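Naming follows writing order (A, B and C), and every chain is counted from residue 1.
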Amino acid sequence: MDILSNLELGFSVALSLQNLFYCFVGVLLGTLIGVLPGLGPVATIAMLLPITFGLPPVSALIMLAGIYYGAQYGGSTTAILINLPGESSSVVTALDGYQMARQGRAGVALATAALGSFFAGSVATLLLALFAPPLADLALQFGAPEYFALMVLGLIASVALASGSVLKALAMVVLGILLGIAGQDVYTGVPRFTFDITDLADGIEFVALAMGVFGLGEIIRNLEDEHTRSVGVQKVTGLMLTREDFRRIVGPVLRGTALGSLLGILPGGGAMLSSFASYSIEKKISKTPQRFGKGAIEGVAGPESANNAGAQTSFIPMLTLGIPSNPVMALMIGALIIQGIVPGPNVVNEKPDLFWGIIASMWIGNFMLVLLNLPLIGIWVRLLTVPYHVLYPLIVGFCCIGVYSVNNNVFDVFAMALFGVVGYVLVKLECEPAPLLLGFIIGPMLEEYLRRAMLISRGDPLVFFTRPLSASLLLLALAALVVVLLPSVRKTRDEAFKE
Amino acid sequence: MSRFIRNPKDVITGGLLLALASMFAYLSLDLPMGSAVRMGPGYFPLMLAGLLALLGLLVLIGGLRFEDAGEPLSLAAIPWRALGLVTLAVVVFGLGIRPLGLGAAMGLSVFLSALASRRFRLPTALLLTALMVAFAWLVFIKALGLPLPMRGPWLGGY
Amino acid sequence: MTHPNPRMAAASTEAAPRPSATRRMVVLACAALAALAIPFSPARAQTYPDRPITMVVPFAAGGPTDTVARLIAESMSKTLGQQVVVENVGGAGGTRGAGQVAKAAPDGYTILLHHIGQATSATLYRKLPYNVLTDFVEIGLVTDVPMTVIGKKDLPPTTITELVSYVKENKEKVIYGNAGVGSASHLCGMLLMSALASPMTTVPYQGTGPAMNDLVGGQIDLMCDQSTNTTGQIKAGKVKAYGVTTPTRVKSLPDLPTFGESGVKNFEVAVWHGAYAPKGTSPEVVAKLNNALRVALQDPKVIARFADLGTEPVSQDRASPEAHKAFLEAEVAKWKPIIEQAGIYAD
């Protein structure tokens, strides 16, 4: 078997003492920046690029890759503990993870996230090793119409994110899209909704919006009635999953892994969708959807698996085609060029030690991460015993430095302050912020792909239905719409709302 | 509640949504519309603004017709002190980070937000501030190497 | 605005052979201690530079311009004896980063590395908050990265001549992808359409990555981008290469003809890079920076990496501040009518 000798080569590279060391440094740094809200892998990798100049290319890439997927592990920690999602993928984790933490099940939520991520990461790495080239070809089949259909599907499914009124959830999605498209128009360069503010030319920063409406909004709300209600969490009840918990998460983890692996390959936002999609699916097929949003363990297991699987498979276009699918991959391509390796489809054949070494290191890195993260859970949970009035000023401080570090731009800090107030108002009016954020992420892509599809097809709307992939995705979207609007489903939702 | 407004939360939400929709629609009207084939920058936002207005109207009507099931809304419960101080803390950080540097900006912001709590105690707040400044220095400047000075130009740094 | 970074300092002190991991860590720790000991003092020209210099790159990390900047910065650090730290200030087509440098203190501790966009932004942006020609002091040109015109694998024409007649025949049926308003690929497309006097349907993307993805996947027909981005795809046969846009052929792609060879006139474009300091920077400081830049351009490692990118450093006479200034003025004048004719502005 060819694959076996390749994997053998990969492990022989990845298991060298030096590469093990850099893999460990990478995942450790990744966990750290993942836990620190706002500070993401892009900023960190950009800062660390200069050190990689002196390293051999394989070690450099192993470390940078470790930072990236390590950050996906760490990113869920603050979402669960203090309702502070630092990245788009952990927005979904915050929904049920934070509720679990308030019920004293933070340890279980964190363990679920770590185990789900480990399983998903391992499976996705295996997929990467076995099927990278054909999967990359699949990604190339995705043109603008397919992406548009995928975004529509995502938006319709997103209504399931809300646990309250469907109407308000839809309104939040639309409002999110409008906020998302603020900034310079990709097609004409015309600024939209920028009020002549230069800092708005590239749109509103996601981190400012997410940390504002979730993190700061929650802090203000908790300070509202600190004298009447206990703001802290209930007593921590055990750190490990019970047999019942395990039974509940098997399905979500498997489905999330499959979904994340597939969507992760798609450059242009596929990976971001996967955690949202996983949550929606789990809620739809659950026999007890009313538990979602109130601390359902499935709502943590599915999206966390999806997000980590997507993080691994998003390497496929970069490694096999030399095309970056997100800013982190673009940075890694930059690192390769500085090392004197021209990225492209030939890297697999010309530098097999690099290609297979990175793949093998991903599995090793995932293993290190689960070993690193499980013992850390005890420490994180202890953090929750700190009284809230001591904890929250620190959270505010982390939010500030985190949002500033994204672009080194003070405007983002001010925007976050404003969105903090907005977040509080939304909570008071019982409008949920999760659909708003999803609209914000998907909105600009939806418009971009729609307009691109129309341009390329010369304005023929049939293009969405004559291409088999796009047509089937739109059919799925239609089915999802029917499910959302079906009276019986609506009834259960309304009942759930009244509980 | 009054006879006409059964659910004030939904009425306010609907009103706000309508106001936002009109603002976005007004701003979109200044942009080139284009056609369905060659959509201009204003086409998509105007459609969305229309949709938002419709949804806002439905929420508003709903608020007039149906009773509220959740907790009642009262102006008295709004924590003005927390709202103001937390927002101020973040704004002060933004204003201070370039001229004062990370140390002072972080310290001010942590201290101001600590003031927002009714359980504020000066020693705890000072301790927290010192802790956070030290931590920020260690992690963000020493370990991660953020391109930020600890002391800004106003405090003799650069 | 930059604080000495221990790790980056360590990276520069390590010049020649690759040390082992553990030794690097020891050196790193020592350098960290040394960095802590550096006193803060106001800058004077005689002692310049006595603290790290920030090189602002107005684009995201990892892109071709960032790569050029980092290679140059690493070499300049050795000459100047102080770390040159690259800071990515992306956004608004490079004008946010450029604007930040224009407003920075003219002490030589904040410099800019920008590409051809510095010249075109003068016309593309009608509300630019700074003046491209008067708010900067030129330090020197760095490199000209050639551009390549590439098509999807099954596009019928195979030579430049065939491509020209194909575009003229099919006009707007040909779909040209670019990396966004104001990007190098956008400029190249405008120039190509102007040279052939034939319109094409332009489809913008957010960056080269997604555009290349659609070209390799056959969703769009044509693209023109820096050889940095295209060489890997060309060599692997994933796209069809037509020609290079520079007067001479490119060393890394010796079989690829130039457009001039095939008789296409007025279609010469290269993504040139230059370094700038804010207006008012003292001549001594500029001279020191220029000297470090010239040394970097002769550094064998820089030359080797540039060759991988399909480019080479500019000749020493073009690396002077005067040559840079004259060239910038000529480029602003060259692009003004082309952009105005296309009628596309970025604000």
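The criterion applied here is as follows: a residue touches a chain if its C-beta (ideal position, glycine included) is under 8 Å from a C-beta of that chain, and two chains touch if they have at least 3 such contacts.
Note that the coordinates shown come from a computational prediction; the quantities given were computed from them, not determined experimentally.
*Asks:* With contacts defined as at the top, give the pair, B-C or A-B, that has more of them.
*Replies:* A-B
*Asks:* Which chain lies at the heart of the structure, taking centres as C-alpha averages?
*Replies:* Chain nearest the overall C-alpha centroid, as shown: A.
*Asks:* When the C-alpha atoms of subunit A and subunit C are each averaged to a single point, how far apart are the two points in Å?
*Replies:* 32
*Asks:* With chain centres defined as C-alpha means, what is the inter-centre distance between subunit B and subunit C in Å?
*Replies:* Each chain reduced to its C-alpha mean, subunit B and subunit C end up 37 Å apart.
*Asks:* For subunit A and subunit B, let me know how many angstrom lie between their CA-based centres, rounded off.
*Replies:* From the centre of subunit A to the centre of subunit B is 22 Å.
*Asks:* Among the residues of subunit A, which ones contact at least 2 other chains?
*Replies:* Those would be 47, 187-188, 408, 455, 458.
*Asks:* So which stretches of subunit B touch two or more other chains?
*Replies:* As it turns out, subunit B has residues touching two or more other chains at 98, 145, 147.
*Asks:* So which bits of subunit C are touching at least two other chains?
*Replies:* In subunit C, the residues touching two or more other chains are 5, 7-8, 85, 87.
*Asks:* Which residues of subunit A touch subunit C once you look at their complex with the stated criterion?
*Replies:* Contact set of subunit A toward subunit C: 18, 21-22, 42, 45-51, 53-56, 59, 139-144, 184, 186-189, 191, 198-199, 201-202, 267-268, 317, 321-325, 327, 329-335, 337-338, 340-347, 407-408, 448, 452, 455-456, 458.
*Asks:* Which residues of subunit B touch subunit A in the complex?
*Replies:* Interface residues on the subunit B side: 9-10, 12-13, 16-17, 20, 24, 27-28, 31-32, 35-42, 44-45, 48-49, 51-52, 55-56, 58-59, 62, 69-70, 73, 77-79, 82-83, 86-87, 89-91, 93-95, 97-98, 102, 105-106, 109-111, 113-114, 116-120, 124-125, 128-129, 131-132, 136, 139-140, 143-147.
*Asks:* Which bits of subunit C are touching subunit A when the two form their complex?
*Replies:* Its residues touching subunit A are 5, 7-8, 10-12, 14, 18-21, 24, 60-64, 66-67, 70-71, 74, 85-92, 96, 99, 124, 129, 175, 180-182, 201, 203-207, 209-210, 212-214, 216-220, 228, 231-233, 235-236, 238, 304-305, 308-309, 344-347.
*Asks:* Spell out the residues on subunit C that touch subunit B in their complex, using ranges where they run on.
*Replies:* Residues of subunit C touching subunit B: 1-3, 5-8, 32, 40, 51, 54, 85, 87, 109.
*Asks:* State the interface residues of subunit A toward subunit B in the complex, per the touch definition above.
*Replies:* Touch list, subunit A to subunit B: 32-33, 36, 39, 44, 47, 165, 167-168, 170-171, 174-175, 177-178, 181, 185, 187-188, 190, 192-193, 216, 219-220, 223-227, 387, 389-390, 392-394, 396-397, 399-401, 404-405, 408, 410-411, 413-414, 416-417, 420-421, 424, 428-431, 447, 450-451, 454-455, 458-459, 461, 497-498.
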